[in-house]
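Here is the structure we will look at.
As written, the chains take the letters A, B, C, D, E and F, and residue 1 is the first residue of each chain.
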Amino acid sequence: MNHQAVEALTLLQGQIEMLKLLPRTGWLQRGLRDVESVAEHSFGVAALALVVGDLYPDLDRGRVLAMAIVHDMAEALIGDLPASASRLLGKAAKYEAERRAMLELFGRLPRGAEYVALWEEYSQAASKEARLVKALDRLEMLAQALAYERAGASGLTEFWEERNGWGEEFPEVRALTEWLFAEHERMRREA
Amino acid sequence: MNHQAVEALTLLQGQIEMLKLLPRTGWLQRGLRDVESVAEHSFGVAALALVVGDLYPDLDRGRVLAMAIVHDMAEALIGDLPASASRLLGKAAKYEAERRAMLELFGRLPRGAEYVALWEEYSQAASKEARLVKALDRLEMLAQALAYERAGASGLTEFWEERNGWGEEFPEVRALTEWLFAEHERMRREA
Amino acid sequence: MNHQAVEALTLLQGQIEMLKLLPRTGWLQRGLRDVESVAEHSFGVAALALVVGDLYPDLDRGRVLAMAIVHDMAEALIGDLPASASRLLGKAAKYEAERRAMLELFGRLPRGAEYVALWEEYSQAASKEARLVKALDRLEMLAQALAYERAGASGLTEFWEERNGWGEEFPEVRALTEWLFAEHERMRREA
Amino acid sequence: MNHQAVEALTLLQGQIEMLKLLPRTGWLQRGLRDVESVAEHSFGVAALALVVGDLYPDLDRGRVLAMAIVHDMAEALIGDLPASASRLLGKAAKYEAERRAMLELFGRLPRGAEYVALWEEYSQAASKEARLVKALDRLEMLAQALAYERAGASGLTEFWEERNGWGEEFPEVRALTEWLFAEHERMRREA
Amino acid sequence: MNHQAVEALTLLQGQIEMLKLLPRTGWLQRGLRDVESVAEHSFGVAALALVVGDLYPDLDRGRVLAMAIVHDMAEALIGDLPASASRLLGKAAKYEAERRAMLELFGRLPRGAEYVALWEEYSQAASKEARLVKALDRLEMLAQALAYERAGASGLTEFWEERNGWGEEFPEVRALTEWLFAEHERMRREA
Amino acid sequence: MNHQAVEALTLLQGQIEMLKLLPRTGWLQRGLRDVESVAEHSFGVAALALVVGDLYPDLDRGRVLAMAIVHDMAEALIGDLPASASRLLGKAAKYEAERRAMLELFGRLPRGAEYVALWEEYSQAASKEARLVKALDRLEMLAQALAYERAGASGLTEFWEERNGWGEEFPEVRALTEWLFAEHERMRREA
């Protein structure tokens, strides 16, 4: 490994630290304090990607996990833009900035182009692996919403408004989603 | 006040809450945890704007304070973009998104157009009031950097690299900046 | 600006930092952790003072905003005394200590006497401006109570016990208060 | 135990919760975030009171520990007043408010008068037990200052300015204090 | 006091600091963030041990308070093992590790053997004092559960499943427990 | 996927949440507050495992990443035992409890035995993949130590005492470690 690659890796380590510190703004906008970091969410997605992805023998585990790990990495440079920011900036501008961020983060690593390509594949839902990680990204968020409701949050109703469109391609994700909806209902009834 | 204005005001209250929860990402990128919120920073700028602004009899206090209060309000919808995000998005795209955010936040208030205009004036440093609030925005950040160094942070050296260009138009801001640099030096020597 | 004024300003900056760190004890006494700081509350009051105050053409914006900014500044030296402390210390002793704190904080600034006078005017509700800021101080607290309830808190019922006596002089404050009560009721029904 | 005593105990439990949430303002005034609570400090004093107090066979362990446990309990109602607040309120007013708080907290308990008397004894350093707990209250604060310096704080120099007047009556407290000063020096040299 | 004892005391001070930082894992496993520390819980138990223990004239206050103060001290070296850890490690292995931790913490103090013996007495519920502190350890946890529910937590139902077996030997603890259950019910009804 | 597998997956999701909340006790024992969670550390290890592991064409990416993701998962049930706990419990008891935890967490998943086997392989450093993840586990901790020192911590010297024994098998890990040591030295000189 040459000097440039070592330097690129050390810079990447610094960005990993940033992801540990960056709170997920979606929760802040619902009034929650002391919320999960982007790194914590990404770990959750990666862990689900391992155990759920392994249920599908036709998927490549290495590709699935790599995608889960890099899927939010651009946020180290851009921050975790809330939905309102995406709307105000426009989808294209956001995508382009994220792509530049991925190039900046990974571009000088030996296999850097591959990580940027994996992120593009994910962003465009361009493969079964990408669609699974996208479904798990949403599932992990829903599981976290349930956890915050258990810890008391009551301003998260909009997360439970759309019951369809969850993982049609992946019955296991669908089953997990249904369990979360059912648990959410059970908690509401008991409250 | 009509119904629409009440609704606009209640939405604004929700955004104020968001600014209390949103951490200033610049500090996170330097590895600090549990940092000040955008609301805390904005209060600091407003307090400085009061006591420093009042030293200049030719400035309108009401305009200065209004500018200080709204100067970061777009962040309620966009988040606190770190410097790297501004670079990757481009200045124009960022400015345009912020302007849309200001319109969304204030547009339906009776005097909403005035607040958006104040923010534009600030963003473009288009008046003496705007330039003072900009100088105090930077001064407040430097004072916070010093406070974090007192609390232990050591990764903030870049904040102290540029000693010039601080408030030439405002000798009082210059004097306060010099005091912060001197205090920073004193702490370094004693460490 | 002479040396004494610079020194007074630097001391004031240190006190602003303290207000960022000082939690509002009223929330702690209701069992909430990780609550807003005095600086965050003060920012909320100042932001409301701008947009609500501007609805009243007979009010001086500069005076209203200055009052909002300084209204809790004595807490930098005294702390945020809970209601029980005020009762145990006595109103006169508390007022006198706060007045001394204001003198200590602002006394050596060029226009320091004016800030102390503004604070006295506020404390005694001695003008329409002062009464508006007092009404907004209470409104901001109620909006925060609602936000904590949305995030899950259930021990804040006493905040909603007194529906009258809110801003008779200011119909807009009254309308906002009623909206908060209605929203509180809606959340309770849905829970 | 009658109904009144049960009620008094349940109220006391609520105040214990408050002490868990109340940060020690002295640290906040030095710019530290996320600091120890009054309950944590009180636990530290009680633990030291056990192991240090037991070195003195002429002291009554039950009285020493009771004093350590109640010494800051009035803060549940008054808050943790910083040194500047004591100065601005006056020592007599503060003492009187704390005495009233102790009566309110303990007055209706079967042995309540005894706890109030223990607190008065402590406040006035009126016995060897009281002087030991006072010395340990200060020692615990110094140990915490050292811990914060180890975690990075650099604005705590004033804690180390007065090397004398520590525990002349108690050579063991003196020895522990000297160890803390030596450790502080060692850390400074190595930094 | 010889050199060895001073050193043992300074090490103990460091462990007290650790107990201030160590969160109670039981709450984390129920999804709560920013929870009480072991030191805060221990303070709560000690405070209850004082006021409840004093209701029993046949109990030795010094022994009761010493037990309350040391009952969780082994956690400074072992951490706060959740119930699942105790199950997976086995009760005997956990007890033995805790006993070794107590020896390490207190072994070289002049009266160290006594503290270890007090902890053993507590662990084995081998005396009326030990059984009272055990009952208060549980009561304090229940009071904290109620406080978290007031602050919004809803995932703590299992704490309220077993209404019997609380302090049969101590009617006062029983009365306080019943009050907590009643208050919990009242809150549920009002929610 | 049968019902049992869905249930096993939902339980696993709950444990992922626990890993987000569980602080790394090693940092707490050095006096740091508000430290990274186990989930954040695991994300860091997984991200390094991706970019560093990919430098070795003979390693299986899927196996490396799976190992990185599961390597600390037993802590969801056991907690993050500090080094002192491992010593007091004994290595064998700790290993056995962790193995039981892994069985409990993964045992009922379709490919559960494979995850347990991967964890055993990791624990025993029984393959090149396992040794790389172990080296990266240590590297990630060192990078975090450096980050905490940048944020101010000064009690982490023991992390920098052993310069050898880092990744002899993996020159890239060695190069990254050397960079961290060099950076640590640079910061010390400049302080």
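Rule of thumb we're sticking to: a contact is a pair of C-beta atoms (placed from the backbone, for glycine too) under 8 Å apart; a residue touches a chain by one contact, two chains touch by 3 or more.
Chain labels with UniProt names: A, B, C, D, E, F = 5'-deoxynucleotidase.
As the structure is a computational prediction, the values presented were derived from the model and not from experiment.
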Requested in this report: Return the chains common to the contact lists of chain B (5'-deoxynucleotidase) and chain F (5'-deoxynucleotidase).
Outcome: A, D
Report task. Quick one: superpose chain B (5'-deoxynucleotidase) on chain D (5'-deoxynucleotidase) by CA and send over the rotation angle as a multiple of 5°. Result -> 120
Query raised in the report: Hey, which chain ends up farthest from chain A (5'-deoxynucleotidase), C-alpha centres compared?
Result: D
Requested in this report: Measure off the straight-line distance from the CA centroid of chain C (5'-deoxynucleotidase) to the CA centroid of chain D (5'-deoxynucleotidase), and report it in whole Å.
Outcome: 30
**Report entry** Between chain C (5'-deoxynucleotidase) and chain B (5'-deoxynucleotidase), distance of the C-alpha-averaged centres to the nearest whole Å
**Finding:** 21
Query - Junction residues of chain B (5'-deoxynucleotidase) - those touching two or more other chains - result: 17, 31-34, 147, 151-154, 191
**Report entry** Touch relationships between chains, expressed as pairs
**Finding:** A-B, A-C, A-E, A-F, B-C, B-D, B-F, C-D, C-E, D-E, D-F, E-F
Report task. Would you mind writing out the residues of chain E (5'-deoxynucleotidase) in touch with chain D (5'-deoxynucleotidase) in their complex? Result -> 1, 5-6, 9-10, 12-14, 16-17, 19-20, 36-37, 39-40, 42-44, 46-48, 50-52, 54-55, 60-62, 65-66, 69-70, 73, 106, 109-111, 114-115, 143-144, 147, 171-172, 175-176, 179-180, 183
Query raised in the report: Which positions of chain C (5'-deoxynucleotidase) touch chain D (5'-deoxynucleotidase) when the two form their complex?
Result: 17-18, 21-23, 25, 28-29, 31-33, 77-82, 84-85, 88-90, 93, 97-98, 100-101, 104
Report task. Show which residues of chain F (5'-deoxynucleotidase) lie in contact with chain B (5'-deoxynucleotidase) when the two form their complex. Result -> 34, 147-154, 187, 190-191
Requested in this report: Within their complex, state which residues of chain E (5'-deoxynucleotidase) touch chain A (5'-deoxynucleotidase).
Outcome: 30-34, 151-155, 157, 191
